[in-house]
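Each of the two complexes below includes chain A, the first together with chain B, the second together with chain C.
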Partner chain A sequence: MLTTAPHLRTRRPSPTTVEYTVSTSPTLTLPLRLLLITTIIFRVLIGWSVLLILYSKYLLSNLAAATSTHNVQPETIVSIDYLYYILHLLHTSKPGQFATTLAALTPPTLLIPLSLVLLHILLQRPHTTETLLVLRGLGIQTSSSSASYLSSATTRFIPTEKVQDILVNEAFRGFEVRYYLVVVVEGEDDVVVVFPRLLPRRKVVESVWRGVRGCLWEEGRVGGLSAKGG
Partner chain B sequence: MHPFSVLTLAIFVAGYITARWDLVTRLYELAVFAWDHGVVARTAKGFAILSLFFFLFIIPVERLASRETDLALSVENALKVGTLFRNSSHPIARIYELCGQPSMHVLGLSNSAHVDVEVLQIHAATGQQLRMPQISCARASTIQITMYERPIPNRMQYISLNPISLALGDKAEMATHAPGSVEAEEEKEERKKQEKTRALVEKLKLHTVAQHPPSHKERALPKIVNQVNCSWELQQILQKNISLVGRRSRRSLSVSERVVESATSMRDFLIMAIWHLITLYIYPVIRRGFIITLLCHRVAAEAFLIVLEWRAKPEYAALKDVSATAQQVEIRLQQFCYWPMQYITLRKRKDDWESITTSHPDYIRFYNSLWLVANDVIIGIALGSYIIDNSTWVAESIGKILSLYSVAALQRTISWLMRWPAGLKLNTELAAFLGDLFLWVIDHWSGLVEALQPYLPHLIWFIGFSSFAGASMPIALFSDLVSILTIHIYSFYMASARIFNWQYTILLSLFQLFRGKKHNVLRKRIDSCDYDLDQLLLGTILFTLLFFLLPTVIVFYLTFACSRMAIISLKAVLDTLLACLNHFPLFALMLRIKDSQRLPGGIRFELKDTQQYSSTNPSSPTPPPTSYIYLKSVPLTFRAMFHQYFQLGHRIRKHYLSPHVLLCLATGKFVPPIHRKNLYSLQYSMLPAQRAGIMEMWNALTTNTSTTKEKKPVYENRGFSGRRFNGHLSGRR
Partner chain C sequence: MPYNIAMVSDFFFPQPGGVESHIYQLSSKLIDRGHKVIIITHAYEDRTGIRYLTNGLKVYHVPFFVMYRASTFPTVFSFFPIFRNIAIREEIQIVHGHGSMSPFCHEAILHGRTMGLRTVFTDHSLFGFADAGSILTNKLLKFTMSDVDHVICVSHTCKENTVLRASLDPLMVSVIPNAVVAENFRPLYHPSYPSDFSTTSLPQHLGPHDTITIVVISRLFYNKGTDLLVAALPRILANNANVRFIIAGSGPKAIDLEQMLERNVLHDRVELLGPVRHEEVRDVMVRGHIYLHPSLTEAFGTVIVEAASCGLYVVCTQVGGIPEVLPGHMTVFAKPEEDDLVAATGRAIAELRANKVRTGDFHDQVKKMYSWTDVAKRTERVYDGISGALSEADFYGYEAADAASWSATRGRAGVQSFALIDRLKRYYGCGIWAGKLFCLCAVIDYIIFLLLELWAPRDAIDIARNWPKKVKQENLTADDSSFRR
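After this line comes the complex of A and B, so read on.
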């Protein structure tokens, strides 16, 4: 419900600039927004509780035996002691007590990998968004949002001078044939795949391909056909 | 007016006045009445106020508008004459050369929409309510506006199309592997793979149907990047000199002004004089002395390096290939040889604009290596003082560990192997023979180790003392110590591997005999062969015998192979530690966190929404379609920073986890250790492959002194004209 099939959005403020966005996020309506916000709140809550359980496990182990308890409120708010005091308050509160009992019940060999996996799942982004920005005279830029919230999107800018060709290719993926857009970069061994994570359908790929070829190079400036090209 | 019509009008007026004479008298009475009641004075006052208002406001506004058109012209003029580049620290021609433009020009005016200048096409409007600058251009059909934040060259920020390279890129590929060795084979395989991909890339080129020759605009991208990098400094100069535009040069000071000035600057003058004396007489002496000490050090370093790199024959190993300590000393000496040269290149940066970014990677490399050495020494002092304070305890524990693991544990294992280990019925006689053989050698070795035991505290003390030269030194020494004190395991491994390999090959060939075949060496294949009966009989008997003896040999071989692998992995850990201490990109990592703009990893564009901005000015006619793009610098990724480490890891993995090595282990062939040269590819990425000679260094150091004396020519009044770098625009039609 939060995600849809990958669909294309085009922004073209001027004829020389186009941005194609393929994303799995649906158009945001009010209920959908509310739903998203609630899932985020839910994620944060679960994440904090996992961290709390890990902390109480740490306190139960003999690693924390040496550290003194910080049960007196320090005068200044901006200090390490205050942080310890807040942690102490959290630990002695009702959810903290519950976390302690839970941590005492599970063995550390089970608890630590389980919580790490849970944290990893919680940090995944719900939507995937991939864009292709075409700027005449400058170049094209592919960008792909990262899977988790920890890292930002990866972008790759290719100057027009370096773009040898843009083509649609096909490949087997499992039991299906996928069409994908490819940028051939001059002087590089590997081609650059546009929309590498979503790999949208052929219709989308074809329309993007037409748009890019129309926008990137000025009309009437195409040189002679190379003799060997098929 | 025609004279006749004038006459007609005069006759009409005269006739009218005579006909309506009473009206004239009325008017006269009104005038007298008005004069009596002060109407005239009030009118005059009103007129005076109005004209004052006119003079104060309307005329200046008009003048200002015309001045602005004049301003554009005078700025253009100033750019041509070079007034705007007065007092620039470096020649402006350098920037022109970088930016690929012969001169600077005024492109347009900002925030003055009502002024029209014939030559200019661009008007820009910025303001508080406009988040994006509004650009209008009468002749443009579409507009693409690229905005960027000026990178500040004083903080060494810059943008670049390609990621900054932290490694030195001048190393020539040093392929001096002996033919037939593992490295040579690996290299051959790699080359074959590269050729294959190259052929594929060539094939890919044939798929391109239409070729697009790059236009002038497209080829200008690197120049545009340079222009962006230069923009901040140019803006500073233009701002500094903008007061000079359209004004006469100042008159010279009068006598009284001069007296005041000399009185106020007397203190500065004294300080300047003393400073001048210091720089003229004392500083050169200190400098010369410093250079001479540097050169003495350099000569000593050269001597050491020659010793370390000496090989009896080109294919033999040098001292630095064998010992980690020698390698460590070599790295330090090489760094020492490279620093003065690096420092001189960095000094040259001061003689040029800050916007020139070619030496920034050098800067990062230089300070990275300096910082690493300083860190190394600090950690080393802590470690060394600990080791020296507790040298007896450390020596005792090391001696205990040594005798436990390399002698006692081995003895116990061998005697366990001699007595049918784990219920495995080995050949008693062979096991006893082999076990006794190894036990004798171990006994002898343990005698040697015990003889060494009293000297161990001194040795440890020496290691601790060496760590004042850096924590990497004791680690390297320890690595060497481990390889010396485990020589017996190495030799056991070699011996047992050789025995196992012999037996294995004999078994293989006897198995062929058993099948009635033989291995044809010339054609490298298996041929059938007619053996005689006695040959077959003897061969079969031998095969059976050797086959039943094989488990005993395998067990011994496996034991020593495992211990050898353990030692290799221990040394690999130590080597990794050394690599981290010597080549960790600490400075780059710190820069990435502090100011990521200093480590550019490419550029990125961001398309901005334009709907809400274009509709802010409803009075103007519909503007041409405009796109707003943000140009941003992408910081270097962490992966690219540790690229060298990934490469090293890949190389080690390829060497030790390859099927070739596993095959060697299984058949008892000698597993060649990875070449130190491969392991130390990191070093060659930080230091030049060919170090600068002594004379080269002398020349560099002395020419540097001669140029600094006649530094600071003031570049003034040069007849340059220029192109104005308009901070935010690159308009397109």
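After this line comes the complex of A and C, so read on.
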């Protein structure tokens, strides 16, 4: 419900600029927004509880024998002692005690991998968004959103004079054959694949290919080439 | 009616060979006739992915593990997902497998039938019945051939062999020979190719003391009769003065040949060229007058047609499909034994010296007999027959009235039914144990097919664009404007 099949959105702020966005995110309506916010709240809550259980386990182990004396409120708020005080409050609170009993019950060999996997899942972004920005006279910029919240999107800019060609190709991928859009960059052995994670379907790839050629180079050339290719 | 055809074989270019060039020539001629043809083969070292050859012939080099002599490892089901994907995206209607030693071809026929496609198999080779390897291959062949729509063999001998090996109904086996591109094998002097006249000298008739050159071009393997050649060669040279040999090719028997030359000190009369590329074969052939073909087994023997096309008199062993290939006045036949081969070669030399043979006419005759366009036409007729475009009586050549009596599993109008129960009936007849095993394989294949329909649904697979056909000028401009819009 939160994701859809990859679809194309085109933005054309000026005649010489086009942005193609392929995304799994649906158009955000109010209920969908609310749902997204609820899932984020849930993610945060579950994340914190996992961390709390891990902290309790740490306190239970003999590694933490010396650090359990921060039970007095320090004067200044901005200090490491104040952080320890909050942790102490959390630890002694009701959910903290529950976390301690839970941590005491599960062996560390099970608890640590399990919580790491859970944290990893919680940090995954729900949507994948990949964009291709074309600026006539400047070049093209590809960007691909990262899988988790911890890293940012990978972006690559290719100046027009480095772009040798843009083409649609087919290749084996797993047990299927896919169409994909590539940019051939001068002086590089490997081509740059546009929309590498989503690999949208042929219709999308072809319309983006037409549009990029039309925007990056003059319109006349596109007509001639597509007549040959199509 | 144009068909979408997938040629499946392990053997394809860049590897050279007879099956490879057969697939290529047949495919390009079928494309000329308006069909859409793709080729599915495995990946070669520097040939991977999806490629286009001349005329929009699309080749899928599927990344698969190669086991032995360019054959992939026979896994019964692993090829299915990717084959299904390709068949759907290219909208394939007919699967045409080549070569009984190719696991790809057998798998494709099995999966093709499971997917409800028409299948054709072309056999290019002859096999024995006695040794363990042949028995296994024959059983495998029987498995895939139990449920195939039609089989094509390259010669009548090959047909006989295949019918026996796979227990086929002879009516569903057609004979369509190989062909040669006659333009690539033209004699040294021929009026149709004036550009070849580099010198003014026309072919002279051979006098009794002129040197006669005998050419042998073959891979030096046991089945190509290299041992026979090694035994006969010194005797031929001893019996006939003014005779020279040119031998081209490589293989494990090359060492025997060299030892024989050393022993008899024949280096001045025998020239060993080593391996030659296919496009150089003609240049080697036109240096000689007689082509000697000592093969022990041969399904068709394209090379002797090529030799005759180059204007060489052919001496060959009377084995396999060879006697069907050329008319009697172009060949001298020998039994596959030393004495007879020596005698036959002697006869050929004598006839040439007496100017009894008009080798100059061979090229035009061969050109009339063999053409790939004709092969493509005949193959197309097979496609028409299996897809029901031709009536049963037309295709199989018998009265439709007694159609029901000769095959219970055959569905309407001579077309193999796709119903799973009918397919299982056909597989079950393969043998006591084998029949049950084959049924099991067919059932598993069907289950995999159903799972694939769920896992990779049809509508999630993009339909591939076809190679643009040549269109008339007014259509092209109309298309052009629609693109500009």
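Simple rule for what comes next: the second predicted complex is superposed on the first by the 217 of 230 C-alpha atoms of A that agree within 3 Å, B and C clash if a C-alpha of one lies under 4 Å from a C-alpha of the other, contacts with A are read in each partner's own complex, and residues count from 1 in each chain.
One rule holds for everything that comes next: a residue touches a chain if its C-beta (ideal position, glycine included) is under 8 Å from a C-beta of that chain, and two chains touch if they have at least 3 such contacts.
Quantities reported herein were computed from a predicted structural model and do not represent experimental measurements.
Of the two partner chains, neither chain B nor chain C is touched by A:74. Of the two partner chains placed by the overlay, neither chain B nor chain C lies in contact with A:108. In the superposition on chain A, A:126 makes contact with neither chain B nor chain C. Look at A:202: by the touch rule set out above, it reaches chain C but stays clear of chain B.
When chain A is checked against chain B and against chain C, the one touching more of its residues turns out to be B. Contacts of A:11 after superposition on the shared chain: chain B is touched, whereas chain C is not. Once the two complexes are laid over each other on the shared chain, residue contacts for A:135 go to chain B alone; chain C is not touched.
Shared-chain residue A:191: touches chain B; no touch with chain C. Contacts of chain A with chain B, set against its contacts with chain C after fitting on chain A, overlap at residues 223, 226, 228, 230. Note for the complex: chain C touches chain A at residues 49-50, 60, 62-63, 81-82, 85-86, 89, 456, 461-465, 468, 476, 479-480, 483-484.
Taken in their complex, chain A has these residues touching chain C: 169-172, 175-179, 201-203, 219, 223, 226-228, 230. Every residue of chain A that touches chain B in the complex is listed here, in rising order: 11, 13-17, 19, 133, 135-139, 141, 143, 155-157, 159-161, 164-165, 167, 184, 188-189, 191, 217-218, 221-226, 228-230.
Within the complex, the chain B residues that touch chain A are 142-144, 146, 161, 197-198, 201, 204-215, 217-219, 221, 602-605, 607, 610, 624-629, 634, 732.
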